[in-house]
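First the structure, then my questions, so here it is.
Chain IDs A, B, C and D follow the sequence of writing; residue 1 opens each chain.
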């Protein structure tokens, strides 16, 4: 029995497995929102004409990927989970799961909508990521207040609130630009934001 | 060979992994039922007009999340699985997998249906959760009768039948209210129910 | 480094994880094929009228569940994987992944089709399961011929070809009945088949 | 605490779990692109008439399966991950996730399109796999340059660039044939390519 229990994964692993499931499904479901051409003789035009969908797809894929990397970085440095961490994690996963929806709204707004529709769509997208920033802030804040959940070997700088705040403020600014200035600029920010993040992490960590 | 077999996960882990897969996919597939606006110039109205969809989405997300937390709590306290546990778990997963369907029926009923359609939809939703309560009852009851499946260190109070019964009765009452009184009240209960559960667990377990 | 490698899962676990992913996704995607009512005032009739969809859904859910239990039983008794096992497993997963398709064809045939369409649909469904039986036969046969892949503690009776053959012949007979006699009887067999299997396993293994 | 941390999986396992999630979801989502017949009395003709969809489905299933086998072969031979490996892996997963899209474009082109549409579709499909070859090339190249990430027991020949180059060139040639000669030949190559790969691996590794 001792032997068997030694081989069991601890609870942290199961939370990670469930979270990884949600992250990997949300990131893969994004593809279902890409429009499949069905007009005889127009496939090339239709595919090329959907370029905004591809940008929205790439932005969402990259952002979920970056958030997964952050989640991974934090959860490999904790030693236990409690119910307070579990529900905060669920709220974060909610914002990840829902992301294919505003991504599809952006694609639809650029396919059939007016520029007001496009502004609505990028604001909806920005709001979901702002909610994600808040959820991430709550989760990291909870970990910062509960050092007994940390792996004793973990560097506490992994539980700082800078990243969630940057997410919250960055997507807030992008949404405001999308509404008051231009949806296209907001869209460009949505794509560049996660790429900049990867570049910064690389320059820090090699 | 001994070394390698030491590194293998036991059967319990694989049941958890499969269950986590179903939970995380069902919770993420919910997003596919949100209606993407496609009417030129009306995106903002369309998005706001779908607020009942969002409530149904949140209710289902929260309820699956809470059920996953309960599943996780129980399965991290068992030491083995047998075929009796496996098929009871499959029945529970069936009720989880099917949930995106009544969730979408509610959204459709509030989009195009009459108030009778809305009553039908909330009753269908309630029936799926009642089935889930029955499946959960069967699974916990089986574990209560088979203490050799428990982790010896586990507190037996984790295998009590109170929670499945509350689920069964609670969703039964909500469905009855939805049918005889008002679908809107039933919908509110569906959303509040899992949130109350999280609050209660927190006040117990910190 | 030694410490770290001790914590790594072996290759068998990763094949199981990938297989569990495919099983759990296929079993959960089935729900997307259920038709959501959208006719004002007719939700109750529409939901009840789709009862054949629910039978097809239950049959597919139960059959994938049973096949997963068999897969689980075999893979927890092997000690290693090689490329021959990997590709046979992939062929088996192919037949599992494709199952939501004939399930939806049955639902569509009973929604809009003639009785010839229904016969076509149940034969298509039976053919996919016959292919699954063949794939399962190849996989088990490969394991039977390669005892070095077994866990030394495993009972060789877990690598017998009876089950794949019963699957192949059983679904073949059901498909033939569906084509020459009645699609409804074939459908009933599809549903009863996995349930009988669970009952038999229980009476054997408690 | 030491005991608990011993049972934790290392970071490599979580990257594998996330990758396996994406691979298994992408391979299973392919089924959603198969067209379900809905014309009364025509189910048999409709199903048979969709044979190109099935070839595209099989080609994508086999190719993702083969790429998963390659991914598995490499990741079971590494001892650690860093941010450089993580983002290269994300780019590879992007090309896997997007594959259901060009697969559906091929099916649509053979359902409603002209031969120019079919050429467009097979080129789009080839381009995604060429991108996958580039991503695989970057990932393997990074591992080749960073031997400290290898499992010390791993044979360095597992980190050679031959396979990504063959993928890149092979799909490039197939896409060119599809555009300048015949989409049907390209489609045949897409199907035969992964099967040849499995045969070759078997003849090498038994």
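In this section, contacts are C-beta pairs under 8 Å (C-beta built on N, C-alpha and C of every residue); 3 or more make two chains touch, one makes a residue touch a chain.
All figures in this text were calculated on a predicted structure; none of them were measured in a lab.
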Shared interface numbering between subunit D and subunit A [over half = same, under half = different]: different
Magnitude of the superposing rotation for subunit A and subunit B (Cα, nearest 5°): 90
Interchain centroid distance [CA atoms averaged], subunit C/subunit D, Å: 24
Numbers and ranges of subunit D residues touching at least 2 other chains: 6-9, 17, 21, 25, 29, 32
Chain contact graph, described as a line, ring, star, complete graph or other shape: ring
Set of all touching chain pairs, with the criterion as stated earlier: A-B, A-D, B-C, C-D
Interface residues, subunit D side, partner subunit A - complex: 1, 4-9, 11, 14-15, 17-18, 21-22, 25-26, 29, 32-33, 82-84, 86-87, 90, 93-94, 97-101, 104-105, 108-109, 111-114, 116-117, 120-121, 124
Sites on subunit D touched by subunit C in the complex: 6-10, 12-13, 16-17, 20-21, 23-25, 27-32, 34, 36-44, 47, 57-58, 61-62, 65, 68-69, 72, 76, 79-80, 151-152, 198, 201-202, 205-206
